[in-house]
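Next, two complexes with subunit A in common: one pairs it with subunit B, the other with subunit C.
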Partner chain A sequence: MKEVVANMAGNVWKVVVNEGDQVDSGQDVVILESMKMEIPIAAEAAGSVKELKVNEGDFVNEGDVIAIIE
Partner chain B sequence: MAKNQMHEELRERIEQGGAEKYHQKNADKGKMFVRERLRMLFDEDLDIEDAFFANCMDGSLPADGVVTGIGIVNGQTVCVMANDSTVKAGSWGKRTVEKIIRIQETAMKLEVPMLYLVDSAGARITDQIEMFPNRRGAGRIFYNQVKMSGRVPQICLLFGPSAAGGAYIPAFCDIVVMVDGNASMYLGSPRMAEKVIGEKVTLEEMGGARMHCSVSGVGDVLVSSEQEAIEYAQKYLTYFPENFRSKPPVLDAIQPEAFEKSISDLIPENQNAPFDMLELIKRLIDKDSFCEIKREFAKEIITGLARINGQAVGIIANQPRMKGGVLFHDSADKAAKFIQLCDAFNIPLVFLADIPGFMIGTKVERAGIIRHGAKMISAMSEASVPKISVVVRKAYGAGLYAMAGPAFEPDVTIAFPTAQIAVMGPEAAVNAVYANKIAELPEEERPAFIKEKHEEYKENIDIYRLASEMVIDDIVQPDDLRDHLNKRLEAYQSKNLTFTERKHGVYPV
Partner chain C sequence: MFKSVLIANRGEIARRVIKTCKRLNIRTIAVYSEADEPSLHVKEADESYLIGPARVNESYLNIDKIIEVAKESQAEAIHPGYGLLSENIDFAKRCQEEGITFIGPDSDAIDQMGSKLMARKTMENAGVPIIPGTNDPIPTAEEAKVFANQIGYPIMLKASHGGGGIGMQIVNNDEEVVKAFESNAHRAKQFFGDGTMFIEKVIENAHHVEIQLLADQHGNVLHLFDRECSIQRRHQKVIEEAPSPLLTEETRQQMADAAVKAAKAIHYKNAGTIEFLVDENQNFYFLEMNTRLQVEHPVTEEITGIDLVEQQLKVAYGEELSLKQNDLSIQGHAIEARIYAEDPKTFFPSPGTITELQLPEDVFIRHDIAIESNYQITPYYDPMIAKLIVKGDTREEAVVNLKNALNDYKVEGIKTNLPLLRDIVDIQAFKDGHTRTSFINEFILINQ
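Coming up: the complex of A and B.
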């Protein structure tokens, strides 16, 4: 089990995977919007998306868990 | 004859280092014997060895656990100290420390680079009175390092532990290369941490190579083997002169790697969309010439040595793919040290700006982003080497300043035709100026109003307008940038500037 974590504070702009999806290491899971920039947050390990912890529009702080990859 | 035989036997014994079982233990961990490491590092081998017979009256401590001497790397004379972890785990006794101090003094006298091949458990507690508190105790090693800093390159290859006081050897070097799995740095071991503060933690978690190269930033380069560490050091040295008095060697010019996509193809039209700055760098520099420093740490800024037409340069580039290229406290700190490194050894600086600004919010304020940002701006201001600033896409707010903006005496500020320079980006600016007005408007009218104000703002900060006002010195097509940089670098070669006269600044560390 591997957590996908926000690397900076911002709003969740787009969630680009669904629960149950297979993702590769390096594949984007969500895109944050912060400092007026698109900030892609990628999975650090391959696996299936067990749980998405955020919805579009949510504020996340640096270090918050966005998703869990199994 | 008997004396000769004795001499040869002794020499052989010392050369073999510690007991066989320690050699085996090291081999099991993928660690080479210290003399093998040196053979691999030097063009030939260690040419001159000092105090080979140190502590030879005690049969159990060959060379007192450290090899010191002089050899040649890429044709360049360098001094070296290398711990022998088969001898009492590479620990420091009185003579170990004296040997290290003496080779540092030699490096200072000869004004040549100093390499530290570290693999040591730290002080020999049994010898502490002789090696710890004295004028020529271990403290002198660090004092010398500080004195040598910026005079000659100092490189640390960390093959094993670097414990307690010993952890300061890497800390005072220009660069620390760490072997994943074997190298570590810590002030107190996990055992001590548990005893003294009650923390239960593994060595790898607390002071491992991966942690230091990606989290603390004390390590600079993470490698997977000792051979890779040595090859990195050999490559790194090619960018440096032997000391601060000379210029870096110029190598044969090599064309950049060929790619299907050109630089202009790489840059997205949408200012806010990410792209990979590393791809742009590859198209600017001589093929395979990138020697990245701190790749795993504060990835929103890229720092690395490279060559353009054979000439060494230091590149500082925002990475929009990571955290939008926004500067954080760690990235500012990373850039500050890199700028100082290049400036100390006469390596010209190229800034590639694509920066929305410094990060804002509680987290970074508490981490002291203002003083870390000030540190980067200090280092950049003080750099007196040729300094070229390129605005690739945008330079907003203090981001413009940190990336060698026009007020900081770059030799030139260049921009791509689509670049934007402003206090803030259009979205933020329109919001700041017209927030009340937008709120008053009926909802259906808002998008059109915002769009109109965006356009107005963009016109106001149009790059040709800034060129007309001579804020920037030239607008260059992305695919012409390499040639342009090459000409500028050649023209600025004779730059010889003293930043200002004083003892030293009071740095915002």
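Coming up: the complex of A and C.
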């Protein structure tokens, strides 16, 4: 089980996967938006998306868990 | 002079404009979003109006709402600051239609300079040197590849309507050009509503040097010398200074003359800046014109003693410039450091609450600042939260003053770029004035 973690604070602009999806390592899971900058957050390991911890529009802090990959 | 001015902006620049208005006994009207309710500009203006939710599209870019407030508060003029609506043609036109003075050039000038491609043509016709590149839009990635091979890599791929570093990318080979074309055209379309792309040759070892202009409605154009703004991250400026340590007196004069000539060619009015790239052989090339007050205007104010906002108000009101070119001279050296709420290594934004703020104070220090202790930095706006401006009789003295001021500058609770700024001032190339646009890549990122 791997956690996908936010590497900056910001709003969740887009969630680009669904729970149950298969993702590859390096594939974008969500796109964060903060201060006119968009940062895609990618899965660090391949697997299926077990749980999405955020919704579009949520605010996340650096270090918050965004998704769990199994 | 105007009796009332609405400031269609936020943060430090709104406070900056309010300050000059107060000195001139002009009634100030602030606007703010829900997220900015506790902001200093809201408290300092004579009147403040809520214009909508946090997102800029629903507040600071809401033309209808801002015009409504301007009418309700009987504002005679609107100062747009920088960014937001400052270079928005529709807004400038709308102000004119409503009989409210837009403090800036007329919408034609904004239009002409708003398209980088059109600006290239205009400048070429005015006799200003431009960077070798395409004079027409490049419609497809394939054609970008063909043209890139003609002028030779590396090339700069640019969105004609881009700004703030968005929609531009240096490309080194065929493989990169296709990918970069698609992604930058897409981003430019998304951000600026226009994905037109063009190509310029990369000027190697270039410095970014710009000329400050001031023009009245009676055909008078003055230059207020140059600013060196080469130290950048993500194509956005981090440290700016005046005058440029690169230019010889001869180049300084040639660039100023070219800039004045260009402004006259387009019948420019109000404050504006022409940006150039200058190589180490003193060749200079037109980059773009900013038809507004610049973030880094304080360094020019510090070396000339001129309040640029006051001059903007006067010429917008229709007054003739009372200054003459011969009245102006460079007095000492000024450097500005932009304080960003961001990670100093990755440059990722760092919103949050400022728990403690300590500012260095001295006669040679100026703060243009939007924050205070317990102030919350939201994720909705630009990460620049403050500007530290220092002066010295010489560049060496200004550099020492900057170093000391940065060491005494303390912001707690969020990440800021202060560690990066402190690193920069310790680098010999900075002390020596060898500040190319590649400075941060060359001296900072490479060592991480």
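By definition in this document, the second predicted complex is superposed on the first by the 70 of 70 C-alpha atoms of A that agree within 3 Å, B and C clash if a C-alpha of one lies under 4 Å from a C-alpha of the other, contacts with A are read in each partner's own complex, and residues count from 1 in each chain.
In the analysis below, a contact is a pair of C-beta atoms (placed from the backbone, for glycine too) under 8 Å apart; a residue touches a chain by one contact, two chains touch by 3 or more.
If you're wondering where the values come from, they're calculated on a predicted model, not measured in any experiment.
The superposition on subunit A brings subunit B into a clash with subunit C. Of the two partner chains placed by superposition, A:27 touches none, neither subunit B nor subunit C. Using the contact criterion defined above for the overlaid structures, shared-chain residue A:40 touches subunit B, although it does not reach subunit C. Looking at the shared chain after the overlay, A:8 reaches both subunit B and subunit C. In the superposition on chain A, contact is made by A:59 with subunit C only, not with subunit B.
Where the contact sets of subunit A with subunit B and with subunit C meet, they give residues 7-9, 34-37, 39, 61-62.
Subunit C makes touch with subunit A in their complex at residues 164, 341-343, 346, 348-352, 379-383.
The touching residues of subunit A, counted against subunit C in their complex, run 7-11, 33-37, 39, 59, 61-62. Subunit B meets subunit A in the complex at residues 272-274, 320-326, 328, 356-357, 359-361, 363, 425, 427-428.
If you check the complex, the residues on subunit A that touch subunit B are 7-9, 34-40, 61-62.
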